[in-house]
């Protein structure tokens, strides 16, 4: 009997009993996820948040394994061994395209990590050779599931929806690592609340409150952890570093940096292997070299990140008037800060519950179906919302500086 | 009122109310500890073990804060604000000299991380300027405490003994991160079991079983986590990489690698700032570059580490005869593996309870003192022990290889 | 130094350092709380819910101790040692008037447990002698605090409001005992979110989400645990037993039962000591004797409770029409069930957040005050709501019985 | 599909999928276990220890379910559905014969709870009718398993040995309820360490340390919780109450007490239904009536228990000389305490690891078997040991009493 058991702080034990899935874990492109933090720059806010996407991917796999075990026992689905492998492999590999501090790269380069996930699955030879051992279509089907092409609608919604194994694992794992209780919910019961009917996944009507707890836990994780102003400010800093490096390259400067990063910044990625070589050790090492670069802006920004002298966040209600922003930029310049890299505005979106397109469907004992938001007043309040934030060097707000009064009056005017 | 509160997965909250100590946290040399894993290569065995020395250092500080609060309430010691700061600063900074995968460096270069801790405290200008704000002697006194020079014996034993704030924090933190219960013990009660008398720390006789639990938890962490054969094998791999790089440099080869690592390998560290620039991102990036080095041994070893193709551990009872080892090395060579880098023997020491020199003293209500080992039969069994292990590439044991039978017969002969 | 430390599953350790408060713990009227379950009949739904009001009272005391420690450090209040003792004693004794399955008694006899709390504090000689050792007014002031007479408004709101030490402890304790995560929230942070200003307690505006989490945890505990239909059905059974016994007494029957219960049922309680002798062992023993009573109704109901053959709950949306209820009662009679004891309707109130009268006030750094519901959309959805439930013997719904179809058609008509 | 899921604080969820086993849960004799505390009088030491034998019995069942699932997957045993039911039913019912504060009754009456377990299984009509539905031999086979008659040796050792589902559940449950970490161990891993070979259960040699942790956790639970002097003193008090009541009956006194207790004390139990009616509510009610009995000794002892004025424990090293005890008894008499009920000596046995007869066998990958104690030095130190303790009213040690000096000099002489 093939069996590998991994000790896990969230699920206690993670079990592999299919050699194919274990082979996927041992592919270099997957091992690379050990060098990508699950929560990006959050470790600068919550010092416990050092857990990796590797751990989360294993956890998403284990959650899928338990979900399928439940659905098989209770609903007789899935029975097709290939579909089961597809579901488990998709859970395991869904994040394989994440890069270092992923969201910052997406913002700077305009490429989604999902696209990298699809490319790696299709193009990485080591990964491909494992997947092709199933059959010629398996890698492609995996990408189809991840792209939600509706060939395997039930599996797809377990992989990517408002109630998927990805979220189920990461909320518990992020809560555990940071030490907060905000993300906790009743996992075993939530899994048992799922039901399969005619090709789709539903939540049993009687488990309404269990799903409410899960969605509210998600809300609290967003407002308390994921969108913490210090974390968003750290992301902004990483983005500004990358933008500065990109701009310098575009200006023809020769900037010392690891080759995989240069390729990414120059959008020269015909070969996916360059991307796979890019992990957080490479990016942090790039920041080390930037911290010794002659360009004062690049050097200063990199040092700020490495030594955690982060931007100050100013949370704003409503949008920032164009004039205000212009005045802030002028003042920054007057204080010696290049506004393109030192005055940043970000809109943060709290996702809430999204009824459009892909709501969660409740199904009662009589087969009646309704959207979760119809049944729950609480959930109806969780409409997606946004908040605007301004990020500046702390020095610009320091009363010791003669111009800081002007900055403060603009920055806090929106209140 | 000055107050900074950090959320922590072990102690719930970590509290700073002295601006001096908070200033120490914000020194670059301390922030660097975010980029050093607490458990070195253990993340390759327990995927949860990604927590940093930064988090542990904060936890050791918080534990010291609670110990001092207890002793002040119950024993009226310490009262001197400078001694309190000394104790707290020592707890915070005790690991500041750790390098990436620290123990492997110590083994390769023969320099203890403690020496780096002392040098950084004395030589890092940013750290020094904070410490000197207390008084001219403070930095030096800190080093004296860490060196156990017996000027502050009670503080010293709280910082470094068999029952110190370092171990109290790391056992709980390592247990929490890996998800095992082996390292758990009753922290609050253990703290209350401490007492101060006439310049020394004792354990109250009535709390014998609480200390037993703590020492057995430590034993289990060693046998189950710290000395896990897969982890030791990962350390061996790192060591062999570093030794190979060092050997190539000594042979006059020009090996591309980050400057701080070159300085360390060449023992060219007159300036402590080079050492401070060396963290795990730098080392991992070095491994990335090694993985593209023309030297086949360096390249192969680096790839093994990055892709987690680790050495196979063979645990042995008793010592390995010299002849056996020689034969193994010859066979390795015949199989195409340079024995200096592919056949490694390591002796692992399980520390147990050490009665010599620095045993724990119990003190009963009548002031009678005895060594812990006199009172506890259980503890007397925890004598330090050692175990020998052999590490080889998995290929050498693979039955598919014609020479593997010989390797196996030697490797497993000791049983 | 006086110090008593109790090990606690919720707060780890509970600390007494005031001999007066410890003396209160050792008064028989307080020890009696060991024989009263915190969650009444919930143990019939959640088998873990066996924890006592004794444990909860200690926990409320410990929570108050931590709240006061925080407020003293941060706001310089309270400073008066008598007020501190008053707050701690009130937290400790706030539930001393609870009887066995308290809420059922309140419903049957129309006496609130709060009145018993006040009487016991004022009339129990052992308790009184401890309290009078402070001063002549102390016992009376304690009752004034519990009655919220506004002499000590800040203490009063910490004892009894929507954010008091009572709820803070019981939510965590009930969650821990039952094993559900619904009631978890960030206690330490919630405590630090409290602030004192000009005689009142406020929540800091910046901690809005921490209070949201706490109030939503409360909501989930109500819908998932406190108002669980099986639990409410168990309460109904206890009530019907007590009503039947009361009715039989009123009819002049001589029913064997423990004397304290007879006194309570006959409302013959001029002496509070009778009430103090009434605990759950006495009531359960009464049920044992009822289970051998010649009256078939009393006997049957008592056996149902002891052997957990509970009433079936039928949850209804909207109110039950008078005609339906009349028809149900007639049918019950025809099936051999006396409708007064076997057909019960209960309205359950989910408390939500109550803005009227005693809302929670947020206070920002500039001293601006607003009601929590103004700041939080989520909280505004937590308006108190009610749900009606019908409780019947399972046999009445059993398809095997010829009349059950009629019962079912009425019972489920409201859907 | 039949499925009942119970929420549990230890195992998260307890699953029933066999209607027969669920029917056993609903038998009155099993529901009665809700009214028996798992840890007897320990709640007087650890206020969290209110959990019931009902909860523990469910937990032992769930642990057995998981053990069997593991063994079936890995070893292909058991396959016989009847043997599986036997194992699960035995786990569920193994404690059904426990009475209130069981160990005190065993001591006073000389009847083991195991005998009651066997009688109830064979004689209780409701239970019997469920069991007989399997087959005529099932109830008898159940008793044979519980008696370890070696017909089902593997099942028997899972039910009752040094590594059985009983201990696995109660250590975790008792640790969780009291809030101590002493009893924690790696349950899932311990279960996976079990293996079945040729009709017997073994522990895999490679899991040595996992069993060590479990056995040491057990040691710590004994020294810190189960044999806590305050708990043993509470047991002594219950015993002395029962002995006094028995003595008074023997002297022909008519003592008011519940009938089931009278029957037990008079050894008049031809019908097992009397025993089933005896639970902790009945015993506590008896103590309430004793607290109003004219006999001053019975009254005083009962009040001491109800109001927690417990005996003072004096822990002794070595045996108490006969002369000392005689002198103590004389002094007690002189102080007005009847020595038969107020001077009690108890020997407490710490079980340790028992190699004789039923040691745990390790089995390595090559099939070599050895006793656990051969492989583990730690375990060899866990030899059973005993400790003698003397219990007296606190008043006898009170310095205010003129004779207390003599008591103290005798009581503490053994040190």
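Each chain carries a letter (A, B, C and D) given by its place in the written order, and its residues are counted from 1.
By our rule, contacts are C-beta pairs under 8 Å (C-beta built on N, C-alpha and C of every residue); 3 or more make two chains touch, one makes a residue touch a chain.
Quantities reported herein were computed from a predicted structural model and do not represent experimental measurements.
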{"item": "Smallest number of contact steps required from chain B to reach chain D", "value": "1"}
{"item": "Chain at maximum distance from chain A, centres defined as averaged CA atoms", "value": "D"}
{"item": "Whole-Å separation of chain centres (CA-atom averages), chain A against chain C", "value": "43"}
{"item": "Where chain A and chain B are represented by their mean Cα positions, the distance between them in whole Å", "value": "32"}
{"item": "Distance from chain D to chain A - Cα centre to Cα centre, in angstrom", "value": "51"}
{"item": "Junction residues of chain B, two or more chains touched", "value": "7, 12, 180"}
{"item": "List of chain B residues in touch with chain D within their complex", "value": "180-182, 184-186, 209, 212-213, 216, 219-220, 223-224, 377-378, 380-382"}
{"item": "Residue ranges of chain B in contact with chain A within the complex", "value": "6-10, 12, 26, 28, 31-32, 34-35, 37, 43-44, 46-48, 50-52, 54-55, 58, 176-180, 258, 277, 279-285, 288, 306-308"}
{"item": "Complex contact set, residues of chain C against chain B", "value": "1, 3, 5, 7, 12-13, 73-74, 188-189, 192"}
